[in-house]
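In the part that follows, the structures are each spelled out as structure tokens.
Below are two complexes that have chain A in common, paired first with chain B and then with chain C.
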Partner chain A sequence: MRKNWWKILCVILLSWTFIAGLMVPMRPGVTSVTPYSAKVGDTIWLKADGYNTNWGGATKGKAWLHIDEFFKVEKAGKKMDSLNVFAIQSIDFKAINDQEVEFKFVIPQHLPLATKLENASLLVSVEGAEQALRPEAIAITQDSINAYRGKTFWNSKLDIHRQWHFEYPYRNILQETLRNTFFHVPMWFVMFTLFTIAIYHGIQYLRFRRRESDIKAVSFTQGGVLFGFLGLFTGGLWANYAWGQPFPLDIKIIMTYTALAIYLAYFILRGAFDDVEKKARISAVYSIFAFATLIPLLYVVPKLAPDSLHPGNGSNIAFGSQDLDNTMRLVFYPASLGWILLGVWIVTLVYRYKIIEEKLEMKMNG
Partner chain B sequence: MNLFSEIAFLLKKETTLELRQKYALSGILLYVTSTVFVIYLSFIKVEPTVWNTLFWIISLFASINAVVKSFFQENSARQLFYYQLVNPIAVIISKIIYNICLLLVINILTFIMMSIMVGNPIHNLSQYFLAIVLGSLGFSITFTFISAIAAKANNSATMMAILSFPVVLPILVTLIKLSKSAIRMTDTTWAKDVLMLGAIDLILIALCLLLFPFLWRD
Partner chain C sequence: MKKVIFLIITLFLAFTNHLKAQTGSGDFMRNIGMIYVVIGVIIIIFIGIIAFLINLDRKLTKLENQIKENE
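This part shows the complex of A and B:
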């Protein structure tokens, strides 16, 4: 019991992952807004379609259209990102049902920025319901530019009140597939952990020539390949939904195919030898050599290629900033640890099976 | 003999062997010529991106064919004799240096033939040559070491292809990026790619020297 505490921890963490990852609701959000374009000076009824919302029967409600201006400021010698928010408030409100609500806006004569076209975000605040945001909901066009007067029109203050609930953030396009974060992303962590441990055992074999090190190296590599395929599979499911294609031409996907090809070649190489010692030694040498090319492959090359679809590349946002909010962290970190422990657990079983198999074979052969 | 004179001696031996059995080098050159000629026959005029891709494909296969024999042409007993006679590290270094020269010759010849037969879309010639040099370096290090591994497994030529393609892919991806920017197909800064290739080459050569002592002993 004392020796196997980590297996219990693994079960607890993964139970938490499955229960919290699949049961915790999404925060309300706005799936679409009509119309999606307007001119300055228009008076429009803006219809918002909600997801997970309970707007039906509400009598009071407000909404803001806001335009954000990003700029850099120097603060204590450091360049910092900052933003100005210019907003207008709705003048009328109508709740149709739980998922549909309409707001009346009078769009002023000028935009607050010196552009012909600006995307405004919609913040919906209905009484008795949580606030919901639709980034870049509507495109507003203008013919004559007057940012100074525009700023005097767009002067409403956003009334953001957000209590912390145990809910996941609503993201457009992703929606409920956001939960795949707890399953797809940790697969790569597991794969890399297992491959790294396999390489460690490969090096140990070359140093001390112990038979167990070789069996451990093979078991960890097999586990890594298994989780690699699981990562591809979960990623394919997700990409089919979010990007419209299960395996788009993305540098990370190409690199993963390569990584798996290296390790499949490793197994083929092992199959070519009859001599146990030679098999172990040469496959260890190959795996170390191949692993060295894997490191730039999975971390450096994707960063050099600016047009990856995955987060953390080019203009996409990486983990830690906006992709994970605090609620998701509460599930994501335990999930990562839990999956890694599960990977190691599977590998220890494979290792023990191989040891027993070998002993039996020796007994059979006398 | 110290390491350097050993390497020089082995290089001389490699060159003599090559010159004595000319069919190896001339075979590769014939391969390159006929491939380029087939490209000329089927395309007549080639788009810059396709040109780049075709060049690296020809280069990749010509390199594999050129390097694959480095540990196969002499039988294992004679190789053991070499390892007794000189430092094994000198053997692999001499083979790598020899292959670098060989691949440089092959790649530059391919480049010239492609330029003559199907046109030359390169804007930045020196950058493209840098890519060729770095590519020859990376290919020769990887393929020489993999051929040493594959020589230990008996059905070697197939094994060579299976083992080396995934390993050489990161080098190839970076190379194509670097050479694409030389044709001005992409507008990225290329100093990073050069650095990247140099770093990969350095890591690979360090690993070669580190791992070869475990490899040669039977």
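This part shows the complex of A and C:
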């Protein structure tokens, strides 16, 4: 029991992953806004469709259109202070039901910036409900530019009060699939960890020529490939709904195919030799090269590429405040550790099987 | 074995059809903020790991039989 403490830890962490990963609710959000565009000087009724919202029956409500980075506003919300951004406030409000609400806006004569088109984000604040954000909700166009006058119009103060709840952030397009962060992403962490341990044992084999080291290296590589494919297929399902295509020609996905193909070749190489000693030696050397290509393929090339759909690659930022908020961190880090422990656990079973198989063969061959 | 797999697939399809009828939406997976995509991802991981373990189980049974024959 004392020796197996990490298995117990694995079960606890994965239980937490499934319970918290599936049961913690999403923060209210705005799924769509109509109309999509407006001209300066227009008076519009802006209709917002909500997700997880309880707007029905509300009598008081305010909304702001603001021209600024969406994440800056969301981050400031946790500190409950008011922000200085270019914003206008709604002049009328109408709650239709729990999911639909309308705001009347008078768009001023000029934009505060010297551009013909500017995207404005929407901040919805209905009494008795959590505030909801919609980044780049509406495109506002103007013909004549007068940023100085525009600044005098867009001077409303945002009144942000978003307390920290134990809730996941609402993200457009992703919606509930944000929870896949606890299932799809750790698969790659497991794969990478298992391959790292495999290369360690490969090197140990080359140094000391112990049979166990070779068997360990094979078992860990097998486990790594298993989790690599799980990551690939879970990603395929997720991408089908979030990006519109199961396996888009994204740089990270192409590099993953290459990396997995290299590791599959490892098993073909092993199958090609009958001599146990030779098989172990050559596959250990091969695995060093495979691992040496794995790092640039998965972690360097996608970062250097001009663009990628994956966060943290191309010009995207990952694992900053934008992708993981504090609630997600509380689940994501335990989930990663839990999945890694599960991967190691499965590999130990394979290793124990292979050891018995080897001993039996040796006994039968005399 | 084939019959069992066929039965499971049929049951799964029947169940999803039932849910479709209940929600009244054409695209089942996109309902409720696409929560079923998360369920699908968990099912893929589950099936992958279980298939791996079943394979290992079979190989172990073979080994056990070999040991029995030796004795």
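To be clear about the criterion, the second predicted complex is superposed on the first by the 345 of 366 C-alpha atoms of A that agree within 3 Å, B and C clash if a C-alpha of one lies under 4 Å from a C-alpha of the other, contacts with A are read in each partner's own complex, and residues count from 1 in each chain.
Everything below uses one rule, namely that contacts are C-beta pairs under 8 Å (C-beta built on N, C-alpha and C of every residue); 3 or more make two chains touch, one makes a residue touch a chain.
This is a predicted model, so every value here is computed, not measured.
Engineer: Is A:L206 in contact with chain B, with chain C, with both, or with neither (first, second, both, neither)?
Structural biologist: The answer is first: A:L206 touches chain B but not chain C.
Engineer: Output check: A:Y286 vs chain B and chain C. Expected answer is one of first, second, both, neither. What do you get?
Structural biologist: Only chain B is touched by A:Y286; chain C is not.
Engineer: Touch test for A:L360: chain B only (first), chain C only (second), both, or neither?
Structural biologist: Touch partner of A:L360: chain C, not chain B.
Engineer: Now for A:S32: first (chain B), second (chain C), both, or neither, which partner does it touch?
Structural biologist: Neither partner.
Engineer: Have a look at where A:A265 lands relative to chain B and chain C in the superposition and call it first, second, both or neither.
Structural biologist: The first partner, chain B, only.
Engineer: Now for A:R179: first (chain B), second (chain C), both, or neither, which partner does it touch?
Structural biologist: second
Engineer: In the overlaid three-chain picture, which partner chain does A:F273 touch, first (chain B) or second (chain C), both, or neither?
Structural biologist: first
Engineer: So chain A touches chain B in one structure and chain C in the other; where do those two contact lists coincide?
Structural biologist: Shared contact residues on chain A: none.
Engineer: List the residues on chain C that touch chain A in their complex, please.
Structural biologist: Interface residues on chain C, with respect to chain A: 29-30, 32-35, 37-38, 40-42, 44-45, 48-49, 52-53, 56, 59-60, 63, 66-67, 70.
Engineer: In their complex, what parts of chain B are in touch with chain A?
Structural biologist: 142, 145-146, 149, 152-155, 159, 162-163, 165-167, 169-171, 173-174, 177, 188, 192-193, 196, 199-200, 203-204, 207-208, 211, 214-215, 218
Engineer: Which residues of chain A touch chain C in the complex?
Structural biologist: Those in contact with chain C are residues 18, 22, 26, 51-52, 175-177, 179-180, 183-184, 187, 226, 229-230, 233-234, 237-238, 241-242, 342, 346, 349-350, 353, 356-357, 360, 363-364.
Engineer: Under the definition above, what is the set of chain A residues touching chain B in their complex?
Structural biologist: Listed in rising order, the residues are 206, 251, 254-255, 258-259, 261-262, 265, 268-269, 272-273, 278, 281-282, 284-286, 288-290, 292-293, 296-297, 300-301, 304-306.
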